[in-house]
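Next come two complexes built around subunit A: one with subunit B, the other with subunit C.
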Partner chain A sequence: MTDASVRISHVAAGHSRVSRAEPWQVRLGTALSKPGFLAALPVGILLLAGFVGPLALVFLFAFMPPQTFSVLQAPTLANFRTIFSDSYYLSFLASLQLAASTVAILLVICYPLAIAMVRVFTRKAGILALVLAAPLFVADNLRLMGWMLFLVKGGVVSGTMQTYLGIPVDSMLYTFSATLFGLVYINLPMMLFPMILGVSMVPAQMREAAFDLGASRWQVMKEVDIPLAMPGIMIGALITFILAAGAITEAKVLGGTAVVMIAQDIQKEFTFAQNWPKGSALSMLMIVLAGSLALAMFKRVDLDAIFGRKG
Partner chain B sequence: MTRRNLLQSFSQSRRAFLRDTVSISAGIAAASMMPRGAWAAREKEMNIYCWEGYNSDKVLDPFRKEFDCTVKAQGLISDPEAVNQLRAGDTKVWDIINLNNAWGRRQLYPENLIKPLDKAKFEPLWEMMIPEFKWPYKWSTSDDGNELLGMIQRYGPSGMLVNTEKVSAATLEDEGYDLMLSDAFKGKYAVLMYDDWVIMHVVIAAGFSPFRELTDDEIGKYETVMRKLINNAAFLSDDMNAIALGMINGSIEGSFPGSVYSVSAARYDGNPNLRCIIPNKGPEEMGGKAGVCWMELTSLVNNPQLSPRAEDFLEYCFRPETAKNVSFAEGTYNPVGQMGDPKVMALYNTEELDAFQYDTLSADMAKCADFDIIPSYTKLHEIFSAAVREKA
Partner chain C sequence: MTAATGDTASASSAPPPILQLRGVDKLFGEFPAVDRISLDIREGEFFTIVGPSGSGKTTMVRMLVGMDKPTNGDILLRGERINDVPANKRPTCMVFQSLALFPHRSVGQNIEFPLKIRGVKAASRKERALELMAQLRLPESYYGKGVSQCSGGERQRVALARALAFDPEILFFDEPLSALDYKLRKILEKELKDIHRETGKTFVYITHSLEEAMVMSDRIGVMNKGRFVQIGTPNEIYGNPSTRFVSEFMGEVNILEVGPGPDGTVIDQATGASYHAPPIADSFAGGSLVIRPEDIRFLDDTASPAANKLEGVVYNEYLLGSRVQYQVRVGDAQVFLVEKLREQQLASARGGRVTIAWDAKDSTIFPTARFAS
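Moving on to the complex of A and B:
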């Protein structure tokens, strides 16, 4: 527990000591009529209905008999048994592998870019940020379709190479690499912007002090820059990982289904297979897998220490 | 707070931020309340859920203008998905549903998801139809033949697609699915991923009818053919244009499966060498038919607040000029049943008829069994999905 949360729990304990003499109904009444609770109520209900509700429905469906469309039946583990006895691990592995590779590539691409935008371009960084964010205004599948026309045999790349350089280039589509390229391209802003925030959190004085004390460039990067920018880097990595693991269009449009990602299996169950329970079970497994990976990642990296909340 | 660049600070004061947030949220809330008020009277709006083509402005704009109403349309690429959406409660959203023939009589009507049409009003329109679809047409009625479930318009045969400059049409017709499934054809074709159609054609290629329950032995043979089909494919795509493009640029020579609609736009665009081929010989139990033909059934959704414009739309689709526009909507060109009416036929020129292979259309349709529900679908789809996942 952090100092801050310890402090909060002390305060809470203080309150509860005072009110312990009162019967629980009165204490509940007092708690419910607090302005904080009342003010949070509408948003709380909205979150419960709009966010937790659908998830709960997916959870319930995961335990319903296969090929059924109602949640009011005797629960069963049949869907999970089918999933574990089949080859779905391949899709899970493919999704995790692609997501991890996307994060790794984007870390390498985005870190120098973020440094450049915060330290080199300073005033012009806003314009650069707008340029980088502009593609976000166009739907993913349209942008990917554009890349398809770019990379397809006889498309912009191969057509140009053939016409002007006489080098025959075959289609660059429908492979694992094409899928990975699509994921990196689509998710670049998701990694870059949190990382820029992270990098801009590093005080210049801290770096100067490190240099004054004789640190090499490498040491400054390792000991000052990266640790202080870590919140942005971590958040970027997490968002990118989750988005890439749940991606589908990249594998279909650029990848030609050379790799089946788990989202595609889930989509098939809800559409062509008409098997909502199995689709729900696959979704639950993906949520658990991605959730535990995120938790493990956050556990390894102490967020409180990063945010400077630790004494 | 001084602002060094857009990324580093946020210049609004907290009060201004709160004020803006509140006004924006109130705006959004008010906007989301509006359709509720307009809900009661739906004379001026209609929502249609359809295969590509009916959602084109070419078809919808004249209707919007004439009936002075808002029409929202959403395209679909999977019949089962659309059926699921209606099951999940989307009957409240849509007024018109356009699906392949069998779904109306087999699932939508028995599950109370569509509304039968007024026979007296719509029966006379069937006079326009080609002889194959004359009244009372099987797929437009309920099982007992008493109710009219929808109107038929676009149709077409489904088999394989080929670039006839690489493989002659006659060779593919004679050798059938075996040619595309041979080792010599490895890496030279794509699979058009409309799952139920892939499954139907693979069952036929394995030598059986997909429209009856298959035995374990037959399912085993189906699996062998399916795995070979998927493993040998150059790529798998649910984008028929990507497949047509691959055939034009030479990266593939054909597609399994493929219907006339998947090449008609490319044919009209100067590529008459792309062609849908129906093999000459199919399984005996299918009467030797090797292809599957589809006809779309356009029905009224059982919407508790059905727009009165929906019936108007069904009638509107039977006007000769609308029938032509539906047939030549953006992106896909198809023959329509109303071509039985000389007034409709007169609207086509030779190039347009050639786009959807009118020269062999009747002969191709005669080599096709009608699209129907696949009884062993669940098992067959599992095998198909596993084959795709485990693609070598």
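Moving on to the complex of A and C:
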């Protein structure tokens, strides 16, 4: 699939080289007549209006004087100065720590599950996938509220322990662990489904060959299974990392005041504090931080090499 | 049954068996993919299992390498039962049909894989990999190359080098050449036979092409419906096929349904013509008369004596590289295939009247009962 698309883009490149000498009207015409361009147009417009536009606005606002509502002023670094002199690094750290922990826990939980769904429950995997995806049909907030009832003092968990087992359990709500639990719970499908895709991409014969060449089950997993499933694993990790780093509801509902994630700070600046420039500056910092982490991660794992497109 | 007798007859001078199958079965539900097979594979030989798809050859080799377990029977390696020894603990390894090269590893890393698994140091690993690459005529510069950049033939060599790096006692091949074009396949068949000589290892090769088997093997086992129908040297199989199935499998042949006739002759059941045939048993009640296309000749002089003579018309002519094949119609219903070397090609053959002839000794009779099961 990818190979074909690469070839197509080569062909397209060849065409544009030939038509460079033509007037721009002609070139626009040929560009518009290409199915690829037309097919990409709707999503292009959507991304331009819904992603690039707001991002540009946030970028501009980050350099505006504090507590102003116009982007047409002289740029300043005042917001960043305030942020660095304050204790915002704590929320950044909390967000990154929670996101990293979420990814780590999900990797460990989801990998065996993905293996089981692809190789063991091959026939029933569809039903299992449906069961696992079913919670997605209920809003995150509602599901988290449900967990609140479970974890609160005198709630389902502590009440049961107290009444039937006689073990006194204090409230588990409003802790770091409760937040982490919420993040893991909410993001599980985001890790699982790309991972299933990755795991199912590993040809059975590849594993048999490694096994036949003397590798133990662990060595097959380390040398063949995980490297070949890596594209799916990386995509799952990236999605869950970004989602967890920008999470807000989990921290609010289950973390209370025990955890302040960066998204909460940003939301506060934009709403309660009415300080758009500062909120924008915080957002920019988060984007840069998460973006560079993601880039570093993808650099370490060369997707092209995994797919065998390059050596 | 025929297979077993042929096997023991020549066994006295042969080297000892390295791998033995004793009544091995593999059932998928009720269906026997491999049906009570007993077989000895000798130390150092190139043994080829050949059969049409669905004959059970892949199922069998999967049991031999340890990827599947037999339902019944025993597999013995040097006299020791290895039914329950998993593939990674067996001193055997296999070159897969898909080759199963690791796409995320370079040529060198692929070849070194079995050594890495054993914990061999990187330096001596590389040394061995380069040695094998030289043996298999892979340029040294390929060491760091990705396997996807290699051509089909190069990938074959990498897969073979990886298997040799494992240093197996028996090397299995599951139709690794089937995806290649004809010319390259012919080259690699010979290379494989050379490698077999150089290494002195036992090779067990699976293919659906008897032609391929003929080129490479010391012995061939022809499989059909989960059983061996004949085991023997290429010459034995070619010269003396045990059943109609084997002779048909070998390539295009002329098959005539015949019944018993007077004085040891047979009667063509379609035309009533009488043919001289090799000696047949008194109990012969009917069967197939098989004549290879290359054993039929054209008679220039229609009066010259020959055991079996038929008049016909050349309907079509096919050029097969160095050979020419003719389709000769005899009467209304019968078609004979006749094959000649190219230098014996008939001038303006199509539509011409010809007399075809063959000797009794060049035809084979398979009584119906022998292959009815």
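By definition in this document, the second predicted complex is superposed on the first by the 265 of 311 C-alpha atoms of A that agree within 3 Å, B and C clash if a C-alpha of one lies under 4 Å from a C-alpha of the other, contacts with A are read in each partner's own complex, and residues count from 1 in each chain.
Note that contacts are C-beta pairs under 8 Å (C-beta built on N, C-alpha and C of every residue); 3 or more make two chains touch, one makes a residue touch a chain.
Small disclaimer: the values here were computed from a predicted structure and weren't measured.
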Query - Fit or clash - subunit C, subunit B, common subunit A - result: fit
Query raised in the report: Of the two partner chains, subunit B (first) and subunit C (second), which one does A:Thr257 touch, if any: first, second, both, or neither?
Result: first
Requested in this report: Check the residue A:Asp212 against both partner chains and state whether it touches subunit B (first), subunit C (second), both, or neither.
Outcome: second
Requested in this report: Kindly classify A:Lys34 by the partners it touches after superposition: subunit B alone (first), subunit C alone (second), both, or neither?
Outcome: neither
Query raised in the report: Of the two partner chains, subunit B (first) and subunit C (second), which one does A:Pro203 touch, if any: first, second, both, or neither?
Result: second
Query raised in the report: When the two structures are overlaid on chain A, which partner does A:Arg81 contact: first (subunit B), second (subunit C), both, or neither?
Result: neither
Query raised in the report: Thinking of the overlay built on chain A, is A:Lys222 touched by subunit B (first), by subunit C (second), by both, or by neither?
Result: neither
Query raised in the report: More residues of subunit A in touch with subunit C or with subunit B?
Result: B
Requested in this report: Treating the CA centre of subunit A as the corner point, state the angle out to subunit B and subunit C, nearest 10°.
Outcome: 150
Requested in this report: Quote the smallest CA-to-CA distance from subunit B to subunit C in the superposed model, rounded to whole Å.
Outcome: 20
Requested in this report: Across the two complexes, find the residues of subunit A that touch subunit B and also touch subunit C.
Outcome: none
**Report entry** Interface residues, subunit C side, partner subunit A - complex
**Finding:** 65-67, 86-88, 93-94, 96, 98, 100, 102-104, 106, 113-114, 116-118, 144-149, 162-163, 166
Requested in this report: In the complex, go through subunit A and note every residue touching subunit C.
Outcome: 203, 205-206, 208-216, 219, 223-224, 227-228, 230, 305-311
Query raised in the report: Which residues of subunit A touch subunit B in their complex?
Result: 67, 69, 86-88, 90-91, 117-118, 122-126, 129-130, 148, 152-155, 170-171, 173-174, 196-197, 200, 252-253, 256-258, 260, 265, 268, 270-276
Query raised in the report: For subunit B, which residues are in contact with subunit A within the complex?
Result: 4-8, 78, 80-81, 83-84, 87-88, 190, 193, 195-196, 234-239, 242, 245-246, 248-251, 378, 381-382, 385-386, 388-391
